[in-house]
Amino acid sequence: MNRIITLTLPGELIFARFASETAAKAALLLINSCDGGADDWKFTHAFELAVSEAFTNTVSYAQKPASPQPVTIDFIFEKQCLTVTIRDTNPPFSIETPAPDIESYPERGYGLLLMRTVMDTVTCARENGTNIISMSKQLNP
Amino acid sequence: MNRIITLTLPGELIFARFASETAAKAALLLINSCDGGADDWKFTHAFELAVSEAFTNTVSYAQKPASPQPVTIDFIFEKQCLTVTIRDTNPPFSIETPAPDIESYPERGYGLLLMRTVMDTVTCARENGTNIISMSKQLNP
Amino acid sequence: MNISETQAGSITIVAITGTLDASTTKELLKSPAISNPAQSVVMDLEHLDFLDSSGLGALIGTLRKKRERSAETLISCMNDRVRRVFEITNAHRIFHIFDDTAAAVDYATQLTARI
Amino acid sequence: MNISETQAGSITIVAITGTLDASTTKELLKSPAISNPAQSVVMDLEHLDFLDSSGLGALIGTLRKKRERSAETLISCMNDRVRRVFEITNAHRIFHIFDDTAAAVDYATQLTARI
């Protein structure tokens, strides 16, 4: 049986840290459930960072920021793999954005780059007006 | 607007600590959102402890432990007050259990006593076969 | 949760790190010095971050089983959060509680030598 | 997040504790030494637990605005988690990064004296 933890938060940036810390805790739970799994900080940090980025984007690019909608995050545990999904009804977007050119000091555009780099796979599906962002990582690839 | 955080966990005891740590984090969020609120460890610990007890009971007294049902915990933020609710479809029970007589070394029966003591109010309503356990505490009573 | 057992003369110091709740009590009850009812122990709780009623129940059960065999279960170095659970439940009345593990070991050694 | 500013000669050491993400960057950008584009700073990140792209963006914006006024933004004492964000984004190429705050202050003092 796959185990799922679901967290629903108000769609406000003050809850970003709650989301990212919960993601780190979910990753640690997977590490601890795998016998003798060392505390792999990169695994924990990957989820903490990727969820911080995805939650922030979901809130920031919401179309009605005046009445923020709740954001639901699923953590799906499968053997050595943890998958996080976040859904939003924001406009569609491509996750294949190019990495920003650091030499021109851009202040934005690093979020998807970080998500893609720290996770094994990042996908975004569009279904019935909903973006379904899904990010997975194996503990011991 | 009241803010609500909802956490849904598999109904298994290995998730008890995830529940109690999330409760502590929710309490800390309320403290931090109240200007100049000191880090009141008793407030944080009250939620950590009460949710550990309530989650453990919900899982332990579930009628079909063979196929554990998910447990949903709501954290409701209202000004200086945090309320936690947990629902289950377990048999009805009374929260007014007497405190166990410690001199006879009982190993059980302290959960509801702890919940009632650390929270301002604990109620359990029965609606359509569901127990709705609700626990509230003011930050500065 | 992590358990480490250290022998100090006839007493075993059982140091518990982390969480003692419904998900970890079984492991505690399996540890050698706890599961042997004739072994006197000092439970060093300095690094116990969180205790709930399931964890407390395991400590009380340990105390009872060891008392039946005239062995001791002493507690040392609990933090304020753990102490709060002992005080609400009155468990502080049935345990000898010390601020210092060495003092607890001395006391346990005297008690067990007396028998 | 918590910010503390300490003056070291002409340089301000800005020590950040906690989290730098979308919910805290505004507060950083309002702190006196950061909001003054002519003030050279050493960002002491020893107690920065978590940085994401919003926090990094604020640091990069600070660097850019200060460079336009010939002021410096140096970084010291980042942990492995924060370093990882700098490395993935290539931000480590545009910042001077030090393991030691005192060394960063010396270097910044030299750089600003030269102008």
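Going in written order, the chains are labelled A, B, C and D, and every chain counts its residues from 1.
Following the convention adopted for this analysis, contacts are C-beta pairs under 8 Å (C-beta built on N, C-alpha and C of every residue); 3 or more make two chains touch, one makes a residue touch a chain.
Owing to the predicted nature of the structure, the values given are computational and were not obtained by experimental measurement.
Colleague: Trace the shortest chain of touching neighbours from chain A to chain D and give its length in steps.
Modeller: Shortest path length, in steps: 1.
Colleague: Could you state the distance in Å from the CA-based centre of chain B to that of chain C?
Modeller: Whole-Å distance between the two chain centres: 26.
Colleague: With chain centres defined as C-alpha means, what is the inter-centre distance between chain C and chain D in Å?
Modeller: 48
Colleague: With chain centres defined as C-alpha means, what is the inter-centre distance between chain B and chain D in Å?
Modeller: Chain centres of chain B and chain D, defined by C-alpha means, are spaced 42 Å apart.
Colleague: When you check chain B against every other chain, which residues touch at least two of them?
Modeller: Touching at least two other chains: 14-15.
Colleague: What pairs of chains are touching here?
Modeller: A-B, A-D, B-C
Colleague: Provide the residue numbers of chain A that touch chain D in the complex, in ascending order.
Modeller: Answer in residue numbers: 13-17, 20, 41-42, 45, 48-49, 52-53, 56, 59-60, 99-100, 102-103, 105-108, 110-111, 113-114, 117-118.
Colleague: Quick check on the complex: what are the chain B residues that touch chain A?
Modeller: For chain B paired with chain A, touching residues are 3-10, 12, 14-15, 18, 21-22, 25-26, 29, 33, 70.
Colleague: Under the touch definition given earlier, write down the residues of chain D that touch chain A in their complex.
Modeller: Touching chain A: residues 19, 21-23, 50, 52-54, 56-58, 60-61, 63-64, 80-81, 84-85, 88-91, 93-94 of chain D.
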